[in-house]
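Down below is the structure, laid out as structure tokens.
We call the chains A, B, C and D, going by the order they appear; numbering starts again at 1 in every chain.
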Amino acid sequence: MYSTKYVKPNSTTEALEAIKSLSEGKFLAGGMTLIPTLKQRLASPDGLVDISGCKLDSIADEGETLKIGAMARHISVAESAVVKMAIPALAKLADGIGDRQVRNRGTLGGSVANNDPSACYPSAVLALKATVHTSNRSLAADDFFTGMFETALEEDEIIESISFLKPTKANYVKFPNPASRYAMVGVFVAQFGDEVRVAVTGAGEGGVFRHQEMESALSSNFSADSLSSVNIVSDGLISDLHASAEYRANLIKEMTKRAVA
Amino acid sequence: MGEISLKLNGKVETRDVADNTLLVDFIREHVGLTGTHVGCDTSQCGACVIHLDGVSVKACTILAKQAEGADITTIEGLANGDELHPMQEAFHENHGLQCGFCTPGMVMSAVEMVTKNKDISEDEIREGLEGNICRCTGYHNIVQSVKAGAAKMGGKN
Amino acid sequence: MDIKDSYELPLPKERIWAALNDEEFLKKSIPWCEKLERRSETELAAEVKLKIGPMSTRFTGSITLSDIDPPNGYTITGSGKGGIAGAASGSAKVKLVEAKDTSSTTLSYEVSAQVKGKIAQLGSRLIQSTAKKLSQNFFGSFVKQLEDMDKPQ
Amino acid sequence: MNEVTKIDGIGSSVRRTEDKKFLTGKGKYTDDINRPGQVQAYFLRSDVAHAKIKKIDIKNAQSAPGVIGVFTGDDIAADKVGGPICGWVVPCRDGSATKEPPHPLLAQGKVRFVGDAIAVVLAETAEQAKSGAELIDVDYEELSPVVDFENAGDGAQIHDEVPNNCYFDWELGDEKATADALSGAKKIVKLRVRNNRLVPNAMEPRSALAEFDNLDDSYTLHTTSQNPHLTRLVLAAFMFAIPESKLRVIAPDVGGGFGSKIYVYIEEAVCVWASKKVGRPVKWTADRTQAFLTDCHGRDHVNDVQLGLDENNKIVGLRVDTVCNLGAYLSAFSVVVPTYLHGTLLSGQYDIPAIYTNVKGMATNTVNVDAYRGAGRPEATYLLERTMEAAAREVGMDPAEFRRINFIPKDAFPYQTQVALQYDIGDYEPHLDKAMEMIDYSNFETRRAEAAKRGMYRGIGISSYIEACGLAPSAVVGALGGRVGQWESASVRVNPTGTISVFTGSHSHGQGHATTFAQIVADKLGIPMENVEVVHGDTDKTPFGMGSYGSRSLASGGSAISKAVDKIINKSKKIAAHLLEASEDDIDFKDGKFVVGGTDKEKAFGEIALAAYVPHNYPLETLEPGLEENAFYDPTNFVYPSGTHIAEVEVDPATGVVQVVDWAACDDFGNLVNPMIVEGQVHGGIAQGIGQALLEDAHYDENGQLLTASYMDYCMPRADDLPSFKVGYTTTPSTVNDLGVKGCGEAGAIASPPALINAVIDALSPLGVTDMSMPATPQKVWKAIQDSQSVAAE
């Protein structure tokens, strides 16, 4: 790792000041992606601003929505009685991220801000019509993810919390990459009355995306059978050593079927 | 550079370290406890698993500075003097180790897993060891060891 | 690797060809390009700071033009060394085909990319997507610049 | 776990004496050791696969913070230090020798794979060394990389000394007799199989710590080695031209080897060289990415098989044509692995009257390929057992029965195969029967039908394997091109109080020698195990020995210990005879006591030991005092473990996921010293075999970039990928050694891949799938199902 400066402010205000004082600073949340990257010397920030002291880890049921702080660790979400009651699918998703040590450190905000095309959380944010509350604004999920590893976040903007809209019904099913255990395909299905949202992660070249055809099929009939006639095109899907775009297309349909079964 | 202070196996350790020092290097190089191992560079093998404030973490993916003030247990701090921890005992009884390199991480993961879920099932053990890679044992005896360790720690399975 | 795409532009072929050979145009099109200096007719020195997720690495190298066939197209190749991260190169075969009524031109490209060293060793899952994204960014902003210039001021 | 049959002795599942240090974090691996004043080494490696080096500019690196020295191949050449050598070569079909190109410690003029070391940077800290290396500028002239080994002959020439990139073209067996047998066969089964390339991945990355003592001009090297004496021999005699006495090699606790830590690697040699150059201890530890790039890989074969059958479905002949990838340089045992450790095993457990095989070893711009758990024998077993299964299907026989009618009959031993080996003893039907019973083979179709109701395809697959291990008679090894002996050594020292120190030339890196060897000694001397200490891994302490690989430690190393103990007993009898005033012939040794036959006169072993060191009443005129014996044991033949493994799988047709649902292994390892340890070896071997069959694949792209260079892309078996295993045994004690033991370290890895692939093919056979390559990844299996369905639709 290149040498760098570590600071741990006590509030988001201080954190924002700290990042402004650096020419190429990075926010450090759980560090599960950032630290391995730094160890490989694939980035050389002049400072790391650890936001774990900024008190951003609360979990609260706010009626229509479930609000989770950006620094809530995966394990906290997975084990939270509040989350299990409000959106059990979200607890299930958190319980399947990485391995137990990653879950003990990794955070919601870190995952969402990084928007790795194979991360689990972005699919929940997108499917659950979440609102991303940052240090200076609130963004709808549909406007937040802008491409592979890209979001609407500015360099000096912190995610403080995310409000997930409580669905009538929801489920997340993932097919992990056999080696890395990241999502090779992960599908989050959420039903809000007549509306169904299907968000797919792990598969899109542009990162997480919604699948309109499956959404409309499921909106008219929320069953695995209704998906049979949906054609999943492989254009724009990731093709790598582990899975071709065609295979990913198959998995998208199969995981969605399992999610609604 | 800057001073950090944390509790390691019950003893306060204070050192001057560079900000980019990893916790695992702090433990191995600065304090000299070499039971915590480094087996990969992508945070996957789990040879470096320790307990930080009671939860298992990979010491290769945390800066020492992030652990300021923390209460840390490494494999060296698990036994009670000469008396092995029940999980260490179970690994010995069930031949849950061969070359020993992954063993500290395995044991630390197992202890946390069982502390949280004493009546752990075989499937739960296998899933719980997702972050620990062993090349010697084929995991069969590690799983048996964790099961036996859970029983020693009060589990009913 | 199979990355190709095409754009139809309401412009004559010569106009686009000129832009393809204009270093200012190229500099604005190359994603994260920090420096571009012409060394010869066919070679430019380049510096790019590539950011993919948490990774951020400066590549220094060159842009070379070959198979030049004015005004029908060329091959543009960028290659650079990223220090400890390794090296990367990408080559795009660009073709310009004017419509029969000369009212528009189709710009098509086909890209092949190669990475070396650590980025290949650790980032294989991202190579294809990244190459595609960078190609789209390059040609997308190239085309956008042309379109913007063409708009009445 | 097997039942404890006998306290502490041979056959007892004694818990391991080495466990406690590992369980409490007190193990001492090379990277755990530090020396005052040490500097850290970092190797700058090529990131291109094949290139001429036009220029290396080290100027900026030399003046970087903390940097002590920067050295390149020119510096090594100036000191005339040699490179690693090939330990075993074979003659080619055309009478020429194996082509052996030089392998410089640091690249000279050319780089030949991604990871080839170009320069070493020594600095105060590892990070400073790395930063220094970033400042080295290498100017390459890139050459066309050779990656596809099957067509390597048409590629750019990698070494001047290796025309057509072919290191050797070797044959074994009677080509004409085999051709005749095949032309007369009623049926010829043809199969082309690929043995995928694997990365050994011992969990402890390689590491070295070298120090130079200028007072007596000597070096000490701590290193991650499976055989410290061989490391010392190669470094002293072939690289540095110094007397062995000037180099001490210590392989302390070693975190797994699986073959990858047999060889002397360039890094440890450079550390030794540099420690004198800079006058400070030099330490180097690989990170995992470097391990992927530079540890020798394993397997990487393509085999074309033709198996001829007569009208009774008996095998009449076998021809196998193999091309294998040996990588950029010839590693120590790279030549013997695909030849004498592969071709000689092609008869398997079967009575095959004619066999011929040809093997071409190719050079490519990939890292060296050498022994990995099983080394040649997994490849032989895979091609043979895949072919046996395919043949059974083609002739419509049950695969178990097809094997059974072709087994070498029990009364045919010793059995001379057509590929050089003579099996001393074996009995194959019992382990087939037992494995079938263990997995409930006869009711499999019921389980298949039940799975089908759940929409799953269930399959069963058999593999009956044999291996030759316990490397092995030196005379044979020498005649076949081996450049080292294959005996093993032991020194047994009885201390004055009757405790024992055993010094072995074997090396333990997880196999539990400290326990197993102590059991042998305790059993033979009738003393408690805790009185026996086993010392290994240090050339200053242990006798010259060949180390551990090829499942040889017990059969060779254990036998040497047994022989040394026999000498101790013989001498003790003489001492006892003197003390008891009896004739030596009348002394019996039983339960740790020397007794005058037919009397109650006796002396305990401890009393004899004391008498030997305090010889106040001792036959000094005829007998030397002291009680310490050496033995060098050179076996008269290999040992031949065999067995049958049966895998049961379920395939999910929607995703292509293969789940291993059951596994039965029944092995014949001869006598077992510690069944618990043996069982652990079997488990580990099976897991590596399942890894090969389902998960693992080292993948170079067409430019020679290794795309699977971390655990993000190289799929290591994890706990939730594997089932629990059923392990059983049959026993035909080896006739080769006194202990009647064979070897068990590699069996699981040898047996398991074909069992698993046969099971996958069996599962998919209702769909018309007849072939599956390794690894059977979800994507590949799903594709095979899709393709079979589109064929069916046509």
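Note that in this section contacts are C-beta pairs under 8 Å (C-beta built on N, C-alpha and C of every residue); 3 or more make two chains touch, one makes a residue touch a chain.
This is a predicted model, so every value here is computed, not measured.
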item: Central chain (by mean CA position); value: D
item: Distance from chain B to chain A - Cα centre to Cα centre, in angstrom; value: 28
item: Chain A and chain C, separation of their C-alpha mean positions in angstrom; value: 31
item: Centre-of-Cα separation between chain D and chain C, whole angstrom; value: 50
item: Sequence positions of chain A contacting 2 or more other chains; value: 1-3, 38, 40-41, 180, 241-242
item: Contacts with two or more other chains, residues of chain C listed in rising order; value: 84, 118, 122, 124-125
item: Where chain D touches two or more other chains, by residue; value: 127, 130, 289, 707-708, 710-713, 716
item: All chain pairs that touch each other; value: A-B, A-C, A-D, B-D, C-D
item: Complex interface listing, chain D residues touching chain C; value: 47-48, 114, 130, 134, 289, 292-293, 701, 703, 705-710, 712-713
item: Chain C contact footprint on chain A (complex, rising order); value: 24, 26, 33-34, 37-38, 40-45, 114-118, 147-149, 177, 180, 205-206, 238-242
item: Complex contacts: residues of chain D adjacent to chain B; value: 1, 15-16, 18-29, 31-32, 127, 201-205, 253-256, 258, 287-289, 509-512, 676-677, 679-680, 683-688, 710-712, 716-720, 722, 724-725, 748
item: Chain A contact footprint on chain D (complex, rising order); value: 127, 130-131, 289, 654-656, 695, 699, 707-708, 711-716, 721, 777-779, 782-783
item: Complex contacts: residues of chain B adjacent to chain D; value: 20, 28, 33-42, 44-45, 47, 74-76, 78-79, 84, 88, 91-95, 97-104, 107, 122-123, 125-127, 129-130, 132-144
